[in-house]
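Chain nomenclature is as follows: A, B, C and D, assigned in order of appearance, with residue numbering initiated at 1 for each chain independently.
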Amino acid sequence: MPTSLLKRLVRTVVPPPNVAARANRHSARVIDAWRELLSDRGEVSGAMIAREALAAYRGLSEIYRPAFFSQLAAEFLPEPDTLRTAAERYLAEPSAAHLLQLQQAATSPRQELFRRLNQAPEGTATLVTARKHLLAGLGDYPDWQVIDTDLVQLFNSWFNRGFLNLQRIDWHTPAIILEKLIEYEAVHEISGWHDLRRRLQADRRCFAFFHPALPNEPLIFIEVALVKGISSSIAPLIDHEAPLLEPEKADTAVFYSITNCQPGLRGVSFGNLLIKQVAQRLGEEFPRIKTFSTLSPIPGFSAWLAANTERFSRQDAHALQKAVAGLGTPDWHRHPALAASMHKVLAPLCAYYLLHAVRDGAPADPVARFHLGNGARAERLNWLADTSARGLKNCAGMMINYVYHLDQIEDNHELYSREHRVAATHELRRLSRECLLHDSTQRR
Amino acid sequence: MPTSLLKRLVRTVVPPPNVAARANRHSARVIDAWRELLSDRGEVSGAMIAREALAAYRGLSEIYRPAFFSQLAAEFLPEPDTLRTAAERYLAEPSAAHLLQLQQAATSPRQELFRRLNQAPEGTATLVTARKHLLAGLGDYPDWQVIDTDLVQLFNSWFNRGFLNLQRIDWHTPAIILEKLIEYEAVHEISGWHDLRRRLQADRRCFAFFHPALPNEPLIFIEVALVKGISSSIAPLIDHEAPLLEPEKADTAVFYSITNCQPGLRGVSFGNLLIKQVAQRLGEEFPRIKTFSTLSPIPGFSAWLAANTERFSRQDAHALQKAVAGLGTPDWHRHPALAASMHKVLAPLCAYYLLHAVRDGAPADPVARFHLGNGARAERLNWLADTSARGLKNCAGMMINYVYHLDQIEDNHELYSREHRVAATHELRRLSRECLLHDSTQRR
Amino acid sequence: MPTSLLKRLVRTVVPPPNVAARANRHSARVIDAWRELLSDRGEVSGAMIAREALAAYRGLSEIYRPAFFSQLAAEFLPEPDTLRTAAERYLAEPSAAHLLQLQQAATSPRQELFRRLNQAPEGTATLVTARKHLLAGLGDYPDWQVIDTDLVQLFNSWFNRGFLNLQRIDWHTPAIILEKLIEYEAVHEISGWHDLRRRLQADRRCFAFFHPALPNEPLIFIEVALVKGISSSIAPLIDHEAPLLEPEKADTAVFYSITNCQPGLRGVSFGNLLIKQVAQRLGEEFPRIKTFSTLSPIPGFSAWLAANTERFSRQDAHALQKAVAGLGTPDWHRHPALAASMHKVLAPLCAYYLLHAVRDGAPADPVARFHLGNGARAERLNWLADTSARGLKNCAGMMINYVYHLDQIEDNHELYSREHRVAATHELRRLSRECLLHDSTQRR
Amino acid sequence: MPTSLLKRLVRTVVPPPNVAARANRHSARVIDAWRELLSDRGEVSGAMIAREALAAYRGLSEIYRPAFFSQLAAEFLPEPDTLRTAAERYLAEPSAAHLLQLQQAATSPRQELFRRLNQAPEGTATLVTARKHLLAGLGDYPDWQVIDTDLVQLFNSWFNRGFLNLQRIDWHTPAIILEKLIEYEAVHEISGWHDLRRRLQADRRCFAFFHPALPNEPLIFIEVALVKGISSSIAPLIDHEAPLLEPEKADTAVFYSITNCQPGLRGVSFGNLLIKQVAQRLGEEFPRIKTFSTLSPIPGFSAWLAANTERFSRQDAHALQKAVAGLGTPDWHRHPALAASMHKVLAPLCAYYLLHAVRDGAPADPVARFHLGNGARAERLNWLADTSARGLKNCAGMMINYVYHLDQIEDNHELYSREHRVAATHELRRLSRECLLHDSTQRR
């Protein structure tokens, strides 16, 4: 990708010598503080030195971070001679003892460094933030990968699901946590405290995972509406003047938003667990609720459609072109005739996209990949379900329900992971077969 | 050591075929459950399968554990071909990328297995218990070392000091925790609830570290007496009818017992941190308390003395022999003249032992090694400080105070770890110089 | 009762003049401190002066308390002139305004005094203790009644059921509360921590009411065993080596002990509420439990029997005399033949006593009065149910079950309070009709 | 007061017969439910019937409340015959026994009724709300006074200071409490969550009293700014963009707002206690803070000035008239010359008003009466301290600081309550002496 290359060249262009020197100087000070922490003194006065070491990092100006991470990537490496010897011995005789030696020799001292940093107050939070900074530059500096590997290994241990607490969030929750919901919610923006309040009332539920070391920081949260029948459009769920439903009358829980809050924990996933735990808990509180469904966006549809136009035969192309052109009409969803003709063409295409478009052996759509891989079933495509600007742009206003049948999750997941088969209703399969593309592709 | 060898031979003697077969069968069932947890299904239904996997282990009879651990040591190994290739590549070109590949290839899948086990309720507790079982047999089955290495690496991450809570233990603490103190205290036994109660009154303090996943299990606890002047004998501190001192009048905090509670966390140490944090906290609560001292046993003295008798010249030996013979006299500490003559000989020897007897470059006495390595100073030797049977046997009734000067800890530690010099008072040094051995050995 | 009179004369005998003077002096100091609290200064510096006023009372030696309470009874009275005027006005014209004036004029300033005392830390606890002291002497000093009336009125407001918290007591409860259970349990003594522990295990429940101002002081607690079938004897319930029953298999909750903990709250009752709330809560936790029964003593039976021997006709008297004589035989309950013959005579008499013996229009037996007035039904008389010394003495070893049917409580209570009819099973009624007394008394 | 009389006539004008009948019917249903609660059945099934009785009141439409309260005032009265007899006996012989009988006979059964209502969930909250309703109509229906007297007596017991918890309110407080601050703050309005957040940051403090039965309802709260020097104007304290001061650098705590939250608790006061407890707590947290001052409005000044114009001699009147006329000039405070001339006249008058204007033997200004009666000292008058519309209108933009010297509070209060002398600085006394009124009035 030439653009990205150019961008990278621009970003990583060698800075003027004095700037680079200053960056190295500042960066070296942090490295020194961190090296001290790994020393003998760090052993005896760990918490105090860790505090200084963290403060040094926090005090580092953003512009010096690249120099710092580059130095960090080159430091705290396994001792090369020891590692080489251990590798040779293992190759000569792959015994248990030699394996152990090799494992120990290969382990980054950086991991012990990070563990010691964690002794100071706010240690965990600072390390999660540091990884956020790291990830932001990782594309440009591939050699930072070694740092990320060490951090991820640590975070996988620390943020083990067994250590997370599922907590209900409601109007009794401290403001310091609630304001994070407003800040983090990205899919269906929360416009303020008034809006938030509606989302926490009696016919709504919100749950989050917390880690004991980050008591005021939700790691991930999910918003649920308790309704009658599976919701087919998002507007009533996020309207802060929507009338209250008595939750005892609900038969369905609709998960309408899941938000990962910590960019620094990317890839350390808990989302799949969250949905199932919440479904189970709601089932216990409301025995009448039998259906657990999402109302999900299809973020990749429009892009996929644009990239695949050449695959259509001439006669089909005409209808498609009209539909695609329709998408360009301002407020097209308010014109019933136009919308109806578009519906006829786009809905089957979207069903096809969800069930058959693949990337790396899994559904091309990232949200579909998450829920289907997680054992849910694609249930129903909803036309004009999200008429926000983003909804119209990304998937022509369509949304989809993925349903979690707690007793089918395992089978669905097994089919998916062994045979790459997607669980879907007959209706969706039928719809996808109406698709113009269907005959010509024949997937599984 | 022939005895130990014999013991091992007896223990590991091949069991009759049918027993072995049964052990393998039971063990294999647990291994199967654990393998399932590492599979794809474990990914999607982690918590549920982890629960079964843990239950399988818990249900395993003690007599089948050796078979199980032996199988476990042989399973969940790094993929040998991948590891071999990675090692070869790294040796051919030790680049960052090849290092990463080698690290990943060398990592035990067992670690991921343990992380997944932790998802189930009681996961952490069960894994800590499993390591206790493992350690109990590790002497006899050295090939289990690989399991221990994986567990320790994980526990070092999980039980990071940053995740531990320091909690005061007093009479407001739940009984489920208090009964563990009675159970675990090994140095100065707590004889029951009545005794415990005295140790938690206003002129006493008890603190423990807790981990969020083990809310009812102290990891380590320390008992403190608030007194006037450094205590020179243990009896008044553990007498449950001792009169109460108003804590505001105390000028000294005496740490008279530290107990590691979890054998399964051996080697994952927090003791050094605990003393310093408690000292700091007490200093804030009681500004009049300026001295933080231990009253510690010298567990290795008698054994060292017995092993070193041949080092004494003839004329010295006589006095020593009399003193050692005195130790054999019943209730010798109640005979003033005898005790005085023994004091003259044994006290200097003990001071010598503490300051100069070394093993692997550190003090030979394990308690001395802990406190001196931790930055404390050897302060004062106390004659007839512990006249319990154990105290008389292990160190002729002597105890020592190690004092923690918060502002000298780092320097002491540095001297210790760089130059192997032990911090001690002039009095103790002088005492050790009176020792019969002194001239002939000349250590620093 | 001459003994009591004598006792009173002895107790209240005029002390020698100097002692009396000293008592008055000490007592007057407390009264002064309390008067200060009611002054203007008490208004502005209430908490501080209340602290001193309470300390003054706490510092008063037990022997000066009578002088103090007698002074207190004579102080802090309504202003007589104001009250007389108000009474006259009301009699002249009983208007609402005059009623108000009379109410205000009649109100003891002592109540405001007690309210102000409560501002200091430990205020509530000290006042409850003071009433305990007061009640201990009330029999001898009837003029203290006015103090008690004021305290009771206040406590009725403060310890309103709406302010009490029902808390489960188990092994997670702080030791400071648990030790109170050991101290207070009077009916079936708890012999120590080991015994207590058994009473808090999985097949047992203990609940207590707490008031927010006395967080470590249970007001009343109830002990429950979860069993199969209604228990007919107490021993298995309080045996601390009794085998554990899986609570999920229980169909019956047996309330085997209720203890009022605070003598200072006598007459401020919450026991009836406690049983019903606990029954409801257990019903929610264990849907299989359908029966809520007590296993209760019959404390008044033996005394009643002794006082009513003359009511028996000659031929009956013989059997009775033999039975009563049997009670005097050591270990009579271990002689089957003797016990059987006594059973035949005493069981009907006891049933009669429970159902028909009345005092002040309510059951003569105090425990029966409590449960029957509370809406329970007398269910079953159990022979040799309590063979402790006290059990054998008070009711010939018999115990009774009172059953709480949550949906019949109101009707039972209504019958009881309107028509003085006692709810009982047919079996019990039949048993009582076998009684020797029955024909000759004919009650309802 | 003819206006008020007219108003009352209009309000209480006899409604058309059918409306009145309906009101009586609805009202009678609630009375019936409450009567049931006082019955025997209420004794045994208290909580359940209390629930119904409370629900009945809550379900009563606002328009039927007057009928209800009027019925309630006429019901649940002391038994007249008993009371009459008791009064007569007391008059005949005012013994302790007769006093007791009179007290019991005079006590309203309504109090027991209210106590029983409190057993149901939300009982306390509903009764506090009921009193709010009652007070709203009390001016028009003086016969409701008897209800209020009973409620106040109960609330004085229930909301005893000893039962209240002082809690800090900050950003960790649940939203359900924080939103109440926004709702209740009346003096310096909180414009929303953003504004609230600034008032809870590190250089601000907010404390509230809570009662255990109303955990989400602050009874009264106080807002404090930690500053350098006593604040002379309100704007910087309530500006939500004001820069943060490091609280460790503050030497003064300024109480800039106190809000009583519960109209239903009018006259059950805790404000004086709150200030002193907060001052003490802040003094402990910030030893550098030595000054505790309010920044208070002078709400009665303008009205007093208008009512007293005739008291000025001719030559003074001219200056005064110009100053008063100035107040009518739009934005007068932005005209320096005008404001300066007004300052000269109005400041002394205001000082005079604060120190000398009396009503019922206490300062005429209600805020002055509260703080001076509470032991504070009038410190400094601040010109143009509150230029909000209300501030300009009520007291010509002036505000005053009352300072709480914790060690002078008692003396100040004593002077105040015994000799009606107000504590004030020399500066304020001098200023008040410049006042035009001074010579002619000569107070004390």
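FYI, a residue touches a chain if its C-beta (ideal position, glycine included) is under 8 Å from a C-beta of that chain, and two chains touch if they have at least 3 such contacts.
Every value quoted in this text rests on a predicted model; they were computed, and no experiment measured them.
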Give the chains in contact with both chain A and chain D, ordered by label. none
Shared numbers divided by all numbers used: is that above or below half for chain C and chain D, i.e. same or different? same
With centres defined as the mean of C-alpha atoms, identify the chain lying farthest from chain D. B
Using the average of all C-alpha atoms in each chain as its centre, how far is it in Å between chain B and chain C? 53
Suppose each chain is reduced to the average of its Cα coordinates; what separation in Å results between chain A and chain B? 42
Using the average of all C-alpha atoms in each chain as its centre, how far is it in Å between chain B and chain D? 62
Check: chain C positions touching at least 2 other chains come out as none
In graph terms, with chains as vertices and touches as edges, which category applies: line, ring, star, complete, or other? ring
Can you list the chain A residues touching chain D in their complex? 171-176, 178, 192-193, 197, 216
Chain B to chain A touching residues, read off their complex: 40-41, 43-47, 73, 77-78, 80, 83-84, 87-88, 90-91, 94, 96, 99-100, 102-104, 106-108, 115, 118-120, 123-124, 143, 145-146, 149, 153-154, 156-158, 160-163, 212-213, 272-273, 277, 373-375, 409-410, 413-414, 417-418
